[in-house]
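Each of the two complexes below includes chain A, the first together with chain B, the second together with chain C.
Here is the complex of A and B:
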């Protein structure tokens, strides 16, 4: 892949990073129906910016999201940070790869989000099996993937609705 | 759907005593003691120390969440029998070794989160270009948190659009500068009471992790 020479739009990346943190905080404030269950609202900015951020900008946004969430929630020095980084990186690589490799009409943003959520879940289960709970924890994998399917579809639908109806987003893409 | 709890900041009793950078390294030291502690007893004591510090730092600590975390770690460890059999539940032997191994692990992971909650402050200064970018991001985050009440569930998309436009204008003719107001918080140096707290926690934790092996 040729290396992009376009300058990184740091202001816009920082703004999207702030949106990620904002959504992470909103999610943190809501009681969880199931322990460890996360909707993944903070992934929405990553998802909607796939269309106009370069690979470098996306990576920077990802870094801001994981480090920022670690600082704001105070989990930077715990295993939670490792889980968050692994899961976000895996889902980003899958989502970015699908978005760039497949033709636009072949897969919707909901499909991309679903693939990203499942990749994130797979990494989290692997980390849970190797670091926290041991190999026996693999028994919860089907339930976990079931929840991941639900959250992936929900986030994808949300991102697609925003992308199609937000005037702010439309103007931003027009400037891009 | 459960109602969201109001966003309420709790008092951080550590920030006025310990500088964010000292606090960060203090936390790392305590984390190392926890990780290298030998028995489940030492890890349990350190976990409770972490919980006390996390509460003192004003962070939200959900006890059911951590109880569930420890319970599930123990449960999954019990699936792999080890040591003396306590009780036989059908084909499944509940063993002493697996139980205490799980308990030690559970206390470690809960303790890691507690120490992290206590030691990571929002005022932590990150160096270099990334630090500058982080300062910008955090400033926008604070503005979003301040204005979050303008979001209306009944007209969510419209209210989100309005909020985004206000903070990051995209309309033709709108102010083109997208620089957020970055506040430089100068944090005071660590006070004597802060150093006393650091010493009174770090030294016993170190002794505990070295002696109880």
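Here is the complex of A and C:
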């Protein structure tokens, strides 16, 4: 009996995890205006997959993204990993919660991405101020929130456009 | 998984056709409010004289902005060298990997900062007006 060529869900989680790593590496192409600020490209797979992954599958994807990025960037055993984990977890919980609770007519992936960026940046600043660098690191807050607004808008708009126009994504949602 | 639920905006309206939905504006407003609020907190004008605040793991050090000097701040990676010349401050050398602190360039206005996070060094300009009778340096 021939094996099915249809991807199983764990394959999809792995594929989206690999996409996250690819985007995390792409981020190195862009100059960083302030230390540790990230565009959030690697969050795009998390954002796009909100529509068809369960909570546990999303958590697995998040784990792949955080640990994989830590290994690829060599930050797994540093405080950067704490930032990355805290920010990604906060951003995911906010995005997942809003996506499940709010109706599609009320909020698009743009708004959900903005809320996720807000949570991610707030957690990073709080971690920096309370655990890693001390209160003086709060001076980066306006830059983080300001730039985070622009990148959150851009990522969300990109994800929303992709969701509305991609046939591949449409087939995935149908399968899910 | 279908998550479409009843909502006051009927199908076919602008909100349903466009990529922007009503609550998107709320999150945008929240983001902008936080940006403006934190900017006010960081950049709020002060009557104190202009000073360069250098924070390293050993403490916080204040220097007048109008006197040229070279400062060596010690962090976990080594020495970060900071230059103050003609009312401008910049990181001249640092042992960090990415050298973002050096790429941040020169700062001269209150509220501006340069940070070398891997070496845990923060440099910012505080105060709002120049005081010629200010002490050369203060340590606490």
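Heads up, the rule we're going with is that the second predicted complex is superposed on the first by the 162 of 176 C-alpha atoms of A that agree within 3 Å, B and C clash if a C-alpha of one lies under 4 Å from a C-alpha of the other, contacts with A are read in each partner's own complex, and residues count from 1 in each chain.
The definition used in the following text is that contacts are C-beta pairs under 8 Å (C-beta built on N, C-alpha and C of every residue); 3 or more make two chains touch, one makes a residue touch a chain.
Small disclaimer: the values here were computed from a predicted structure and weren't measured.
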{"item": "Simultaneous placement of chain C and chain B on chain A, clash or fit", "value": "clash"}
{"item": "Partner chain(s) touched by A:133 [first = chain B, second = chain C, both, neither]", "value": "both"}
{"item": "Contacts of A:152 with chain B and chain C, given as first, second, both or neither", "value": "second"}
{"item": "Chain B versus chain C as contact partner of A:18, first or second or both or neither", "value": "first"}
{"item": "First, second, both or neither for A:89, with chain B first and chain C second", "value": "neither"}
{"item": "Which of chain B and chain C A:76 touches, first, second, both or neither", "value": "first"}
{"item": "Contacts of A:59 with chain B and chain C, given as first, second, both or neither", "value": "neither"}
{"item": "Touching partner for A:161 - first (chain B), second (chain C), both, neither", "value": "both"}
{"item": "Residues on chain A lying within both footprints (that of chain B and that of chain C)", "value": "31, 35, 133-134, 136-137, 161"}
{"item": "Parts of chain B lying in touch with chain A, wherever the complex brings them together", "value": "2, 4-5, 7, 24, 27-28, 31, 54, 57, 59, 64-65, 68-69, 72-73, 76-77, 79-80, 105, 109, 112-113, 115-120, 122, 124, 126, 130, 133-134, 136-141, 143-145, 148, 157, 160-161, 164-165, 167-168, 170-171, 178-180"}
{"item": "Residue ranges of chain A in contact with chain B within the complex", "value": "10-15, 17-19, 21-22, 25-26, 29-31, 33, 35, 60, 63-64, 67-68, 70-81, 132-137, 161-162, 165-168, 171-172, 175"}
{"item": "Residues of chain A that touch chain C when the two form their complex", "value": "31-32, 34-36, 51-52, 99-100, 102-108, 110-112, 114-115, 117-118, 122, 128, 133-134, 136-142, 145-146, 148-149, 152-153, 156-157, 160-161, 164, 176"}
{"item": "List of chain C residues in touch with chain A within their complex", "value": "1, 3-7, 9, 15-16, 19-28, 30-32, 34-35, 38-39, 41-43, 53, 55, 60, 98, 100-101, 103-104, 111, 113, 115-118, 120, 122, 124"}
